[in-house]
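One chain, chain A, appears in both complexes that follow, with chain B as partner in the first and chain C in the second.
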Partner chain A sequence: MATKRIGRRVNGTTVYLLLAVGGLVSIAPYLMTLNAAFKPQSTLLSTQAWTPAVPATWSNFTQLWQQYDMSGFIVHTTIVAGVITIGQLVFTTMAAYAFARLDFPGREPLFWAFIAMMMVPQIVTLIPLFLIMSHLQLIDTYRALILPYVFGTPYGIFLVRQYFQTIPADLEAAARIDGAGTWAILRRIMLPLSKPILATLATITFVNTWNSLLWPLMATSSERDEVVTVGVAALQGQFASELHILLPAAAVALLPLVAIFLLFQRHIVRSIALTGLK
Partner chain B sequence: MSANIAEAATSAPVATGSRARSRRTRTAFEAYLLLAPSLFGFLAFLVAPVVIVFVLSLFSWNLITSPQFVGLANYRRMFTDSQSWHALLNTAYYVLLNIPLQTVLALLLALALNRKMRGSKFFRVIFVLPWMAMPVALGVIWNWFFDPRSGIIDHFISMLGFTGPNWLTSTTWAMPVIASVNVWQYTGYTMLFLLAGLQAIPQQVYEAAAIDGTNALQRFFRITLPLLRPSMFFVLVTNIIGSFQQFDTVYVMTQGGPGQSTTTMNYYIYQQAFQLFHAGYAATLSILLFAVILLVTIVQFRYFRKRTIYDFS
Partner chain C sequence: MFRRATRKTLALATAAVTVVGLTSACGGSSGSSGGTVNLTYMIWQTSEEAAYQQSIDVFEKAHPNIHVTIDLVSWAQYWAKLQTSAAGRNMPDVFWDHLEYLPELAKEGIITNIADDVKSSKLDLTQYSPKLLAEWENGSTIYGLPKDWDTIATIYNAKDLTTAGMTPAQLGSLSWNLTDGGSFVAALQKLTVDQNGKHPNQAGFDAGHIKQYGIALEAPNGQQDWWDFGVENGCELQDRAYGAWTVSSAACVQAMQFEQDLMYKWHVEAPGTITNTPNAAALPQILAQNTAAITFDGDWDLDTYQSSLPAGSWGVAALPTGPKGSGTVFNGLTDAIYSGTKHPAEAWQLEEWLGSAASEKIVTDSGTVWAAIPSLDSGFITAWKAKGIDVSAFYQGSQGATIGYPLTTSGTAFTNVVLKDMNQVWLNQMAPQAAANDITSVSNAAVANGD
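Here is the complex of A and B:
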């Protein structure tokens, strides 16, 4: 009995050690980048890469902002990601409700068509999208960045539909007897009960849009609508060896999402995992 | 389902056929009204592009002047273009470098977290943080870490008494470095799904097995792994589809080099379309990538379906 308990304690220590190492590796790049952003250029390599930024200096950020329109990039990205996220939340909820709860002709084949499209790699659609957008003369506008993704994705619809199906149908039946229409049910019953999944969808959408490079790279070419990913990639090309410019830019690109995530993490960590199950 | 209940409730007292029918028509009308925006987006920006890509693969197009019909020339070119096979092999190599490593690490972490312990919520939050990092920014950071001779990684290696290679200018090491970005980014995220799968395994199964005198290793291979298959299936399918589409880190860190050693399919397609202006050929290559992803996904479906009792509805 006693040896068993000791064995379990040793086991517990190993587990904590494994988790601690994993945790450290997970946050180290964030912490090191944040730290480096406040250090002078000469201290970013070899032995000095580890040293803390004491005293911290804002001069890297001043230089970055002088040479580059970082504020513009952030504003553009926030607009694009914000509009797409709001659009997806609204339209996905509507579509998911129809698929989950309403009985209409063509529901099954349509749903499976959506699912089948989940396997199409993004690049397949991008060259045709470029063709479509240049025909509509929308290349190099916000609309080119927003339109293809604002109406929702099959993945999002699948996610929310699965969640709606777990909500007991009796609630709606009762509301319908009381004379509530579909729109009222959606707003007063489904939405309040679906906060975790909607927070998850919002996060996934915002993160994906904020981080996406390929389509903005194809669809934009001027400073008036360029987004953070394109800007940081261009910086890397231009100032490849000037880490005191690059690392603050990377920090600025990374940290807004971390902040948003920490705000919503209670909902998200739980329901990200749920999305993997049926 | 609920609509039926509601329908029965309202129309039961005066059950006439025409009222039920008009009720059904109204529901269908409402459903398509709710679906309209998504359906428009689906048709205009997903279905139409997929149709267009097949048409475009029969044309030669430089993105500016109007496309010219060339028949199957792009396909013939694809099969004789050694660079396209090279890009496909590079992509497969990239997938093989990161999927097994990331899945095994994620499983280890999930097993470690699958117990009643202090701080498990905290660890889960920490492990998901890499998932939301911008790959472009990670490319910048990894360039810094792997800076030859004076980067943190080489510095660490020299502390151990060795000399590190020139990571990103080495045809041997550039791809593993790029794969390491992905492993770092997705291990924790993958762990969350596997952990949810582990927590869904009923405790009684383990208790029964323990009474039968099995050891921990047997329980892992005979109970845990088989019952984890649904989660494993989901994780592998989605991660592999994602990995086949590597672009961002390659674009920022190596531009496909040195030589062609990190030119993935997505990067090669981008090059063909937007640097060499062979958009028709690029469309053909993207169909090849689609076909490969489809094939790999079907193989996984077949493998897992034979071995899993799992309801996909």
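Here is the complex of A and C:
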């Protein structure tokens, strides 16, 4: 008995120890970025990344705001990520419902053709997309950043459709008998039951949009609509980078994502457990 | 059925309205509005933005009908962005151009040959450094007015130099050779220390635990390392501009071999595990952390050394001389005009301003870059003297034997293969001759294929 209990305790300790090490390895780069952001420029390069920033200074942050339009970058990114997230929630729900429940000719081939788009890497569509936006004279506008992604992605539609299919059809049938139409069913039955997956979709979309660099880099060329990733990336030089500005910028750019995660943490964990998707 | 159809139409209509609302939500794109011409000027160096903005402010005052937006895109993404926008025929009107990319851009016909503009504006091209101008001219074409130049020099940690009993003047007058390494290797031996305080030429030196290397060199293509040893050994990368690659010649291979020997025979240079790009720490960081006592670097990094090392703790010296004398890599940029710009006249006005002595003086006097107009170069030296650094070694380098950036349409192939192979050489996993043969054959094949 006693040895068994000790064995269990050792096992538990080992598991937690391993988890702690894993957690530390994952979070260390972020902590080092944050730490370095508080170092004065004169010691930034001469000390190791893990040497604590003593004395800490806010001067890098002040410089970041004085020399660069950091608030502008964050506002632009929030607008773009916000509109895309809301748009994707609306349109993905409608598309997913159509693919999951509505009966129309060619539904399956259409769905699989749509899903096949997931296999096309973004880099392949980059130049065609640029050409389209260029012809529509939308380069260097918010519309160029928003339009390609606001109507949902195959991944999002697949995610929500699979979830919709787990909701018993009987619920819908019962609602229909009570006189509910398609809209009412979608709004009153499906949506309330799909909160975890929609929260997941919202988080994934927001985070992806926030982190996206390549398309915003190509599509914008002025500070009027420059997003945070493009703004931060521009701080890297050909050889030398202004690390004392780059690191606080990266740390600041990360904060909204941490906030989003903390806000939706419960939903994210639950939906991963529910769908088995990550 | 009817009701369902109506609802579907309604949904479609809602979607359509959203799209329309979205597409008309924001302001228009660049071009001309209300008589003002908007030009975009794309650059890649953060540290130079302020000086160029200052110059453009003056330009805008003189040309109230032109508004210039600087688009700062880092080097890592600059060329990808440029090539995408070239494919979309929607490029910045004026942008920085580099010799590594000039031949390909010229071949694709997306940069303007400004020869006619130069003639009609009666611009005096002789004001520019002839060596610099020559790289951007090809027969009767000229693809941009030179805006600056750069060379490579030695940067040292002053304390390490004092500890080794050496003066900056001594450091600046070293020489190397292929037989015993010369005074350069002897000096690096003094600057290299293992954890027991022993030097590589002393008994009991532990090459496995070196505390401070004499030198650390780092370059993705060779500009700050073996090209410099190469020019001092009579190595030519090409038989002529736009010609065949000759990297496998004895003079070039010897230069590579000399550097590999610095790492693995003399144990005075930090090995590839520390300096291989793109993942290595930047040279200023290597010097700041005392991983090495000296390095070779371009003047573009001066600002970083100045901000990350305490005042008076570093300095600049001339490169060592080699078997064929002194030499350094000499390179410079121009401003290019997009051939499809909607405002060619205004773009030329901007180009002419940026290439003028007035604009180059603003930029050079701020200590940002050396000017392409030689009479202005003293301004750069003065600006750095005020910060306590003597940068004249870069200038001396530019006056001596130099090697330019290779001019070729096979630049992409060369850049890729040279990074891959030389990283192996610096890890001691490939012989310099084998690397040089591979680099030469791959790059020459690219020349033959015309890509």
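The working rule: the second predicted complex is superposed on the first by the 241 of 278 C-alpha atoms of A that agree within 3 Å, B and C clash if a C-alpha of one lies under 4 Å from a C-alpha of the other, contacts with A are read in each partner's own complex, and residues count from 1 in each chain.
The working rule: a residue touches a chain if its C-beta (ideal position, glycine included) is under 8 Å from a C-beta of that chain, and two chains touch if they have at least 3 such contacts.
Everything quoted here is computed from the prediction, not taken from an experiment.
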Request  = Put chain B and chain C onto chain A via the superposition and say whether they clash or fit.
outcome  = clash
Message = Going by the contact rule set out at the top, does A:M218 touch chain B (first), chain C (second), both, or neither?
response = both
Inquiry  = For A:M70, using the defined touch cut-off, is the partner it touches chain B, chain C, both, or neither? Pick first, second, both or neither.
reply    = neither
Ask   = Touching A:Q122, do we find chain B (first), chain C (second), both, or neither?
value = first
Inquiry  = Contact-wise, after the overlay, does A:T141 reach chain B, chain C, both or neither (first, second, both, neither)?
reply    = second
Task = Check the residue A:L159 against both partner chains and state whether it touches chain B (first), chain C (second), both, or neither.
result = neither
Key: Which partner, chain B or chain C, touches more chain A residues   = B
Request  = Return first, second, both or neither, reflecting whether A:V227 touches chain B, chain C, both chains, or no partner chain.
outcome  = neither
Inquiry  = Applying the document's definition of touch, where does A:A81 land relative to chain B and chain C: first, second, both, or neither?
reply    = neither
Task = Would you check which partner chain A:T182 touches, where first means chain B only, second means chain C only, and both and neither mean what they say?
result = both
Task = State whether A:F130 touches chain B only (first), chain C only (second), both chains, or neither.
result = both
Task = Please pick the stretch of chain B from 94-102, 112-120, 184-192 or 274-282 that overlaps chain C when the two structures are superposed.
result = 274-282
Task = Could you give the residue numbers on chain A that contact chain B in one complex and chain C in the other?
result = 44-47, 91, 94, 126-127, 130-131, 134, 147, 150, 182, 213, 217-218, 233, 235-236, 240
Task = Would you tell me which residues of chain C are touching chain A in their complex?
result = 3-4, 7, 11, 15, 18-19, 22-23, 25-30, 40, 42, 44-47, 69, 71-77, 80-81, 84-85, 87-90, 92, 282-285, 288-290, 297-298, 300-301, 303-304, 307-310
Sites on chain A touched by chain C in the complex = 41-42, 44-48, 83, 87, 91, 94, 126-127, 130-131, 133-134, 137-143, 146-147, 150, 181-183, 213, 217-218, 221-225, 233-242, 244
Message = Applying the document's contact rule, which stretches of chain A touch chain B when the two form their complex?
response = 12, 15, 18-19, 22-23, 25-27, 29-30, 32-33, 36, 44-47, 49-50, 90-92, 94-95, 97-99, 101-105, 107, 110, 113-114, 117, 119-132, 134, 147-152, 154, 157, 169-170, 172-173, 176-177, 182, 203, 207, 210-211, 213-214, 217-218, 228-229, 232-233, 235-236, 240, 243, 246-247, 249-251, 253-254, 257-258, 261-262, 265, 268-269, 272-274, 276-278
Key: Complex contacts: residues of chain B adjacent to chain A   = 1-6, 9-10, 24, 27-28, 30-32, 34-35, 37-42, 44-50, 52-53, 56, 61, 63, 105, 108-109, 112-113, 115, 117, 119, 121, 123-141, 143-145, 147, 150-152, 155, 184, 187-189, 192-193, 195-197, 200, 230-231, 234-235, 241, 244-245, 247-248, 251-252, 265-266, 269-270, 273-274, 279, 282-283, 286-287, 289-290, 293-294, 297, 311-312
